[in-house]
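In the two complexes below, chain A is the common chain; its partner is chain B in one and chain C in the other.
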Partner chain A sequence: MSVIMQLAFDGLTIGLIYVILAAGLVLILSVTEIFFVAYGQFYMWGAYITWYVVDRFQLNYFAGLAVAIVATLVFGLAGYLLIFMRMQRMENRFLITITGALGISLILAQAVLVVFGTQPKSIPGVFTGAFDVGGVHIEVKKLALIGMGILVTLALFWIYERTRVGRAMRAVALNADVAALYGINPRFVYLLTMGIGCALAGLAGGLLAPAYNLSSGMGNNVIASVLLMTMLGGMDSLLGAVVGGLIVGQILSFGQYYTGQMSVVYLFLFIGLVIYFRPNGLLGHRTDMGV
Partner chain B sequence: MKNLLLGHRRLIGFIVLAVFFALVPLWVDSPYYIDLLIVLMINAVLAMTFVMLLRTGLISLCVAAFWGIGAYSSAVLSLKAGLSFWACLPLSTIITAVAALIIGYVIIRNAGFTFVIMTTVLAMLFVTVVGNIQWLGAYNGISNIPAPDPIDLGALGSIVFDSKVDFFYLGLILFVIVILVINAFYASWAGRAWNAIGLNPRLAQSMGVNVFRYRLMSFVVGCAIAGLMGSFYAHYQTFIIPTAFNLFPKTIYIQVFAVLGGVGYATLGPIVGAGLLSLFNELFSGFEEYSIIIVGVLVLVVVVFLPRGLLSLGEIPARIRDWRSRPGGGGGSSTKVAREPDTPPGEAAGSGSP
Partner chain C sequence: MDDSDDRPLAAGDPLLAVKDLTVYYGKALALDRVSLHVNQGEIVSIVGANGAGKSTAIRTISGSKQPSAGEIWFDGRRIDGMPPYDVVRLGIVQVPAGRQIFQTMSVLDNLKVGAHRRKDREGIKRDLDSVYEHFPILKEKRNQAGGELSGGQQQMLAVGRALMADPKLLLMDEPSIGLSPILVAEVGKIIKDINSRGISILLVEQNARMALRLASRAYILEIGRIGLHGKCDDLIDNDEVKRCYLGG
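Now for the complex of A and B:
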């Protein structure tokens, strides 16, 4: 029993990181309609920048986190302004934006190796200590991750549902041309969404840095799971991202313990089954995205 | 006579290109460059299958995975079942086609993001799954795959596959056959249905094209061709490891080949793209770890400034002519009518292959 509780707790921890990642990707997918494969690399860069600031400049962890968020935000804005803004009006933009994202992915994945080297990295934990509750070993750093995850998700929902910016995002996601008629500048909304999405990836990476080891393959490893989550929850639903992230976190946590590396296969089969019966995901509405 | 030449410009260009390729080993004797050319042909064919799927509006990022299925099934058939290469080649193609039929039946239901995501994840799964099966050699792969059996030509002796040049000619024959098959598909009713789906799936459906069935067909055909090339690759390389068939970077490169050359050019585009990128890899090999970054920047530059590919540079003179003749009033349409006989039947918009 305590094993199951332990696995559920670990699954919740990683699941909330996944929720942040999936929410950022859902924003990018639904508003800008760019299939942003480079997303995983932003997550990796967030983690590495946090490590760099903490390790080299001996600064506080939260300073590192802030630098990581700002840096990935700037990367995302620059990527949109330099590359994707020109592509969005092209006739075959679906393919072209995917290729552009793949190009960015190639550059960022290799740049991590060039800048930071191939050694796995870790930074000293900020929150230390642990306690046992009913046979479950609860580490404070994981508890902090859960707290941060819930906080960030709530803040994101507040922005998306309650503020003018969030309303503009939803309007552009629904129909960019009609939104433009009502005085919303779609390009500005795209830019903002791209920035927020990439910053969320950086934030997730930075949050993860003190709890887990960093490696140069982490961006590629995580992108498959995040894509599966967005598909499970529905690609245009923020709530779907939360549900998808939590479910995938649990499946991976239990699957890793009982079946090892093959857990990804079972996850894929499960999600393939869900998609077969509900092509839009559990909470999504649109089927024709990107085509 | 002049009309005859113009009417078959694509065919003549294709024959000239094939003959040129066939003569390459006469003046290139370094095995290194022959190897580069063989890899180039494999890459070009894989990019062609990518373009083939793209024609129907499907962006498949798991081309390399099906290439890997072909390679693994061929290796297993020859090593565990003791079959000859000449039996493995068609059998592994059929196995890949069946796998594509089963997988495609589930994931082609809706195109767009869902299909791309499914194929992305499938591409990553292939490596994980094969890497965890001990029977397939796990992450160490399969080695000592035998070369094709000699072909006995009777009085003329026999062809023994012991040097890279022999494999080059075998690869070239497969390459030519694949190009002919792909172009035959494009010229047939199926190819027109694919083009119609690519232009507008709903319109095609209202015209009586079964969108799902034709998409599935292009998926199966494309994957079967990838499997054929995988079988050839396995027996040429004599060893295969699962990570060679990964999404990063193999499938990304396949897509980059197609987009660099121009996806509107079904056969020539992938060849140009693959050739150009291997040329760049040669040029920048001195930069070592920076070379991938340079390739990435190159991809971004081409995609941003030449979204229709490098071959669209060749259309610029024609476009200028069109643009010049337009103010004359009706001049644009008359040049179009004059150019009509150049395009053979079955050639749809934007497919200027050789």
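Now for the complex of A and C:
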């Protein structure tokens, strides 16, 4: 029993990272309709920047987290302005924006090796200590991650559902031409969404950094899983991203314990089955994204 | 925005003046030197068959479609080439064909999108109350998704959303399409009512009978060109209009 509880706790910890990652990707997919395969690299960069600020400059962890968020936000904004804004006006924008995203992904993946080397990194000693509850070993660093993850998710929902900016994002996601008729500049909303989405990936990386080891392959490793989560939850549903992220966190946690490497295969099979019966995902509305 | 070239609207100037507007879709000529105007407080109709260019005219005035030649003047300011999200701020607000409400957003959020560019909180509140007063069903269903409304209610929402943008001129693209005859009459009443509050209306309709009855003047659009135009009372009695647009 305590093994199951332990796996559930660990699944929740990584699940909350997934929730934030999936939420950011859902925003980018549904609003900009760019199939943003470079997304995982922003997560990796967020983690590495946090590590760098803490390890090299001996600064507070939250300072590192803040730098990571700002840096990935700026990356995202620059990426949109320099690359995607023009591409979005092109006739074959769906394919050409994927190609652009692939290019960004390769550059960011290589750059991390050049800048930080191939050695795995970790930030020990940010949140220390652990305690046992009912046979479950609870590390404070994971508990901190869960707490911050929930706060970030709630804040994101509040912005998306309750603020003027969030409403503009939802309107553009549904119909950019009609949104423009009522004073919303779609290009500005695309820019903003790309920035916020990338910053969420950076934030997720920064949240992960004190609790797990960082490796230069983490961006590549995570992108397939995050895409699967968004498909599971629904590519246009923020709530779907939350559900998808939490489910995938649990599947991988239990899967790795009981089946090892095969867990990814079972994850694919499970999500494939869901998509077969619910093509829009569990909570999504549309399937015509980007076409 | 630079206002130096703009002149204030003199008495007798039309609120909207379209001069020799030419619009292409790719290589296809959609509008050929179309000129029309709407005076302050008027209801003006553009009547024509499917594909005559009615919607193109509306879409070009609202900025969704760029003209290749011609001028559009509104309230003493030249607006052709302006993007739609700036045009709406001047007071030209479009109610798009097929209503185009945001299906998965709540009724209230749909209305709030209409007021996106406004800063006057008091005015927004007042206009929301006024929309609720005119369409009580929207208040009742304000937390429901727009897509759950019936066709007629969605038309009310589309009109309400446009009113939230505080229009001086409302561009209505086929508001009667897909509605039952009872609802068409209802929409007609709504248009009259909005107009009585001082909002000018440019109405595009395939339903010529409705359009000519509501408007004071009308333009007949024939494959991209203005054929007849004049007072609706005269047009209704015109033999050609009767034969082509009113079914005998």
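Assume the second predicted complex is superposed on the first by the 291 of 291 C-alpha atoms of A that agree within 3 Å, B and C clash if a C-alpha of one lies under 4 Å from a C-alpha of the other, contacts with A are read in each partner's own complex, and residues count from 1 in each chain.
The criterion applied here is as follows: contacts are C-beta pairs under 8 Å (C-beta built on N, C-alpha and C of every residue); 3 or more make two chains touch, one makes a residue touch a chain.
This structure is a prediction, so every number in the text was calculated from the model and none was measured.
Once chain A is used to superpose the two complexes, chain B occupies space next to chain C without a clash.
With both structures placed on the common chain, the touch criterion links A:87 to chain B but leaves chain C unconnected.
Of the two partner chains, chain C is the only one that A:183 touches; chain B does not reach it.
Touch criterion met: A:228 reaches chain B, while chain C stays clear of it.
Judged by the touch definition given at the top, the superposed model places A:3 against neither chain B nor chain C. By the touch criterion defined above, A:29 reaches chain B but does not reach chain C.
In the superposed model, A:109 lies in contact with chain B only, and not with chain C.
In the superposed model, A:170 lies in contact with chain C only, and not with chain B. Of the two partners chain B and chain C, more residues of chain A are touched by B.
With chain A used as the common frame, chain B approaches chain C to a shortest CA-CA distance of 11 Å. Annotation: chain A has no residue touching chain B in one complex and chain C in the other.
Chain B meets chain A in the complex at residues 54, 57, 59, 106-107, 109-114, 116-118, 120-122, 124-125, 128-129, 131-132, 201, 247-249, 252, 255-256, 259, 263, 289-290, 292-293, 295-297, 299-300, 303-304, 307. Chain A makes touch with chain B in their complex at residues 29, 35, 37, 82-83, 86-87, 90, 92, 94-96, 98-100, 102-107, 109-111, 113-114, 220, 223-224, 227-228, 230-231, 235, 260-262, 264-265, 268, 272, 275-276, 279, 287-291. In the complex of the two chains, the chain C residues touching chain A come out as 62, 64, 83-85, 88-89, 93-94, 96, 100, 102-105, 109, 112-114, 116-117, 161-162, 165.
Residues 164, 167-168, 170-171, 174-175, 177-185, 285 of chain A are the ones touching chain C in the complex.
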